[in-house]
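Below are two complexes that have chain A in common, paired first with chain B and then with chain C.
Let's turn to the complex of A and B:
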């Protein structure tokens, strides 16, 4: 027996108050296995103890939501008997330690969250954030993460269709890897994790259990320090081929009426899946660990319960249906083992080698889990504008050249070309635009998907930043002509025990609540990653929003590419030229003070719905949301694909603020000559503010008296990654 | 100085290739074997004496050849020369 000392308790991330509660509840000292179980279940990652109070305030329902947060993934009704199942999750710390495997297993984990609910995954997205490009680790981490994402997704045969890449010094020693998966299921064939049926069998399927990632969940919640590299041997290695087998075996079994409940073994492995499934059903669960398929010899109960080996699932089956399932899993060369049963005791009982290693009342683990309303203070930057004389007097073309060659605005093609984004042949709108569109296989309906966040806005004003992240995801779905339905969120923040960081979290959530409500865009799933700090320095608050929308008819959608010379260029929404916290200010002028643009949600709604109507009525087929970098960057992105340029005639005193400011609720659209009257009419009718600023033209970008060829711009736009990575 | 670097997955780290080989062998009817792990061998010829060669190879391993997070390595000399 291992004696539980104060040090051991501390190592498990349990504070003295929490430990006292454990002692009182158990009425004895916990065994080491029990302590491990408490530590995993009460870690930030599993218990949401610092975030629960705030998360529970987010809107989670609208007329499309079938299942909100609390399950493996969220489920929405997309019509015609289909449902979309989706979620985003972080794999930040593992990816920092071993970028390839960390990112790969992140993708593997989010795939399981989706197919465990009965949905076949159809698309992956990844929001990845690295330190500044000059940081010594950035190249290694970037290449490792991108190949890890590609490696796993490509092997599984699931297209990676979107995401974000950002470089910022706040991620120097704490990168972010947030993976999102979207799947499609028959609406009446969704599988849940709530266990039921006393006496039913608890079944382990998938790969064997090794000593992988022991205490990954606890590690993911502990601040990194100089010694964190010592924690290396716990890294999990992904095996996408096993996951593919697991996917197909689950899909085959799900066609039969056999599974009572199912959940993947993700963070905290067997512990969290067993506890959560039995807990949701208000039942007890008894496991015999001698029956767990192990990869290594002499694994202890503690190790088996906390292992985070990948590609494993836990299912509840009626005992007389075990054989049906067994046959399928053996056919797919996967382990299948009945490891326990459901009881009516509300206890978690773990037996191993003829001893009871744990006996805990489930309510203590779940409902007894700590929940803190931590002190917080919402701080925003001072409202310091940029002085006129610091503005560059350059002509806009030369600023444009610098901006599109900067790491945060250049083409992401190098990244997404490494991902198979066309496999399954249902990718209707490819990566590189506002949203990707995936056909619902065999139908003429599509799903639009996007992921967005603007951390520098959140750092300077959490509330506006929270609103903006949701609004931008909504806008990206609108600008392809789809109806935005719901979101998943991945909340990456620093140490919540610090008032100002907790304030960032609270402020962002408040902003999100308002945006979700106004835009009818609820949260259906998500994940929280806290303690993203290195040596006490927090990352920029990064709420990544994954949005999903529906394209009713795939004959009618829009993309961002200019298609015809002479099309009228319209800017929808007001441009005041808001420069503070813009990319122009932050990266070109190196001016990081001041407030981000305000998000007027009523304007967002009005302008967005007008854009959607224009697309749906086939009045436009070219639209792009204006975000990072502002108006001119948006228009330049629109010109790259078909090498069709534009000529702008703008007479403003503050031309550069106008062109590079980041006011919200704006879109750039191109309108054919014979439709311009109808477009003006509709916009005026809806009382939508718009400006006509020029026309599309041959292969040049012309602004008043300056011009540049698109091919010249394209060269610098598309080559940044190659140049960066080829330098030693 | 000719030497080999033998690189193997660390003990306890999942080795999907080894697992695949193991599965295929048992499908072919082979019995009584277990614990297959697959690594790799890298041959290097270094123009230096043995001690120096070890030092240089060690650095090569740490900087490029080996992913120390999931692999172990061993420097092996062909034969005492």
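Let's turn to the complex of A and C:
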């Protein structure tokens, strides 16, 4: 027996208060296996102990929501008997230590969360954030993460259709890798994780258990320091081939109506899946670890319970139906083992080598889990707006050239061409736009998907930043003509034990609540990643919002590409020229002070619904959300694909603020000459503010008296990544 | 009239090709699991794309040794029309049904994009609906699509007019600039000497749908339907 010392308790990330509670509840000293189980279940990653209080305030319902937070993934009704199942999750810490495997297993984990609910995954997205481009590790991390994401999704045969990439010094020693998966299921064939049926079998399927990833959840809940790389053995190794087999085997079995409950073994492995499934069913669970298929010899109960080996699932089956399942898993050459049963004791009992290694009342693990309302202080930056006289007097074309070839605005093609974004042949709108559109296979209906966040706004003003993240995701879905339905969120923050970090979290959540309510855009699933700090310095608060919408009829949608010369260019929404916290101010002028643009949610709703109506009435087929970089960047992005330019005639006192400011609730649209009257009429009727600023033209961008060829811009826009990576 | 689609563990374009075959040919697609030892009576054998056995050894090499492949090799050698796409092309070279080999892309990374290819030989039963030298747009998605053959093999391939597709640009120019993966002489697809086995890296099944704005792959399936059967 291992003696539990103070040091061992500390190493498990359990504080003295929490340990006292364990002692009192068990009425004895825990075994090492029990301590490991408490440590995993009560880690920030599994217990949400710092965030629960705030998360529970988020709106989680609208008329489409079938399943909100609390399951493996969220479920929404998309009509015609189908449901979309989706979630986003972080894999930040592992990806910093081992970028390829960290990112790959992040994708693997989120895929399992979706197909465990009976949905076939149809789209992957990701939000990845790295340190500044001059940082010594950035190239290595960028190439590793991108090939890891591609390596897993490509092999699985699931298209990666969208995402975002950002470089910022706040991620220098703590990159973010957030992966999202969307799946489609029959609405009446959703599988849940709540166990039921005393005496039913607990069945382990998938890959074997090894010593990889032991204590991953605990690691993901600690800050980094210089020695973090020594933690490499806790990073799991992905095997997408096994996952593909697991997916097909599960899909085959799910047709048979034999599964009572199912959950993937993700963070905290067998421990969390067993505890959560039995806990949700108010039952007990008894496991015989001698039956767990192991990859390595002499694994202890502690190691088996805490391993985060990938590509594994836990299922509850009725004993007389085991053979049906066994046959399928044997066909796919995957392990299948009955490792225990459900009981009525409300206890978790772990037996191994003829000894009981753990015996814990489940309520203590689940309902007894700590929940903190940590002290917080919502701080915002001082209101020091950028001064007119600090602006560059350059003509807008030369600013445009610098911006379009900068790391945060250049084309992401280098990234998404490494992802198979066309497999399954349902990708209607490819990566590179506001949202991707995936056809619901065999129908004429589509799903729009996007992921977005603007962390520099959140750092400056968490509340406005939280609103903006939700609003931008909504806008991305609107601008392709879809109806936004719901979101998943991935909340990446620093150390919640610090007041100001907790304040960032609280402020962002408050902003999100307001935006979700106004836009009828609830949260149905999500994930929290805290302690994203290195040596005491936190990342920019980064709430990544993954949005899903529905395109009722795939004959009617919009994309961002200009299609015809002479189309009228309209800007929907008011432009005041808010430059503070814009990319122009932050990155070109290096002015990082001041407050971000305010988000007027009523205006968002009004403008967005008007855009959707214009698209749905076939009055426009070209629209783009105006966000990072402002109006001119948006228009330039619209001109790249078909090499169709535009001529703007704008008389403004401060032209550059107008062109590069980042006011919210705006869209750029192009309108055919014969439809312009109808468009004006509709916008006026809806009382939507708009400006007509020019017309599309052939291959040039012309602003008043300056011009540039699109091919010249395209060259620098599309080659930034190659140039950056080819430099030693 | 049936098309047998061979499914290996890790195949992932099996459904996509079945959809295209159903839509554009008179054949009924049937899935054949790799552990079978004989292919049911069929008019076309298809080896779809994917990552068979995870591509953990050389791409296609483990699949080439699956039980079903004995019968595939026998039937293809006897003249059965056989089509291998992407990983399927790799399996066909690994099993010796097609000459040459496919190595890692010269950009050293996975590449997914729509490319132009030029029809070099419209006399095969897979390409008759295309015009000679027609330029078509078809997506590629691979890590190991860099076709290589030694000098003698390449000569033989050329002498017997086995090259069906070459990578080019929208104007049909075939050169290093228009070569996405480093393939020797920009080769994107070849047949065997008899012309009944076609292997190609681009995915025609991903270009058979109006809604994705790609439809240049349709004529390959229509050729099969009209001329092969």
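In this section, the second predicted complex is superposed on the first by the 728 of 728 C-alpha atoms of A that agree within 3 Å, B and C clash if a C-alpha of one lies under 4 Å from a C-alpha of the other, contacts with A are read in each partner's own complex, and residues count from 1 in each chain.
Note that contacts are C-beta pairs under 8 Å (C-beta built on N, C-alpha and C of every residue); 3 or more make two chains touch, one makes a residue touch a chain.
Small disclaimer: the values here were computed from a predicted structure and weren't measured.
Colleague: Applying the document's definition of touch, where does A:333 land relative to chain B and chain C: first, second, both, or neither?
Modeller: Both partners, chain B and chain C.
Colleague: Which of the two, chain B or chain C, is in touch with more residues of chain A?
Modeller: C
Colleague: Would you check which partner chain A:469 touches, where first means chain B only, second means chain C only, and both and neither mean what they say?
Modeller: In the superposition, A:469 touches no partner, neither chain B nor chain C.
Colleague: Should A:309 be classified as contacting the first partner (chain B), the second (chain C), both, or neither?
Modeller: Once the two structures are laid over each other on A, A:309 reaches chain B alone.
Colleague: Just to be sure I read the superposition right, which of the two partners does A:693 touch: chain B = first, chain C = second, or both, or neither?
Modeller: After superposition on chain A, A:693 lies in contact with neither partner.
Colleague: Contact-wise, after the overlay, does A:420 reach chain B, chain C, both or neither (first, second, both, neither)?
Modeller: Once the two structures are laid over each other on A, A:420 reaches chain C alone.
Colleague: Is A:296 in contact with chain B, with chain C, with both, or with neither (first, second, both, neither)?
Modeller: After superposition on chain A, A:296 lies in contact with chain B alone.
Colleague: Report for A:97: first if it touches chain B alone, second if chain C alone, otherwise both or neither.
Modeller: Only chain B; A:97 stays clear of chain C.
Colleague: According to the stated criteria, A:241 is in contact with first (chain B), second (chain C), both, or neither; which is it?
Modeller: both
Colleague: A:212 contacts which: chain B (first), chain C (second), both, neither?
Modeller: first
Colleague: Chain A residues touched by both chain B and chain C?
Modeller: Correct list for chain A: 239, 241-242, 333.
Colleague: Would you mind writing out the residues of chain A in touch with chain B in their complex?
Modeller: On the chain A side, the touching residues are 97-98, 101, 207, 210-212, 232-233, 235-239, 241-242, 295-296, 309-310, 333.
Colleague: Under the definition above, what is the set of chain B residues touching chain A in their complex?
Modeller: Residues 9-10, 12-16, 19-20, 23, 67-70.
Colleague: Okay, in this complex, where on chain A does chain C touch?
Modeller: 147, 150-151, 154-157, 239-242, 244-245, 332-333, 416-425, 427-428, 439, 554
Colleague: Once bound in the complex, which stretches of chain C touch chain A?
Modeller: For chain C paired with chain A, touching residues are 9-10, 12-13, 15-16, 19, 49-51, 53-56, 109-113, 139, 141, 143, 203, 205-206, 208-209, 211-212.
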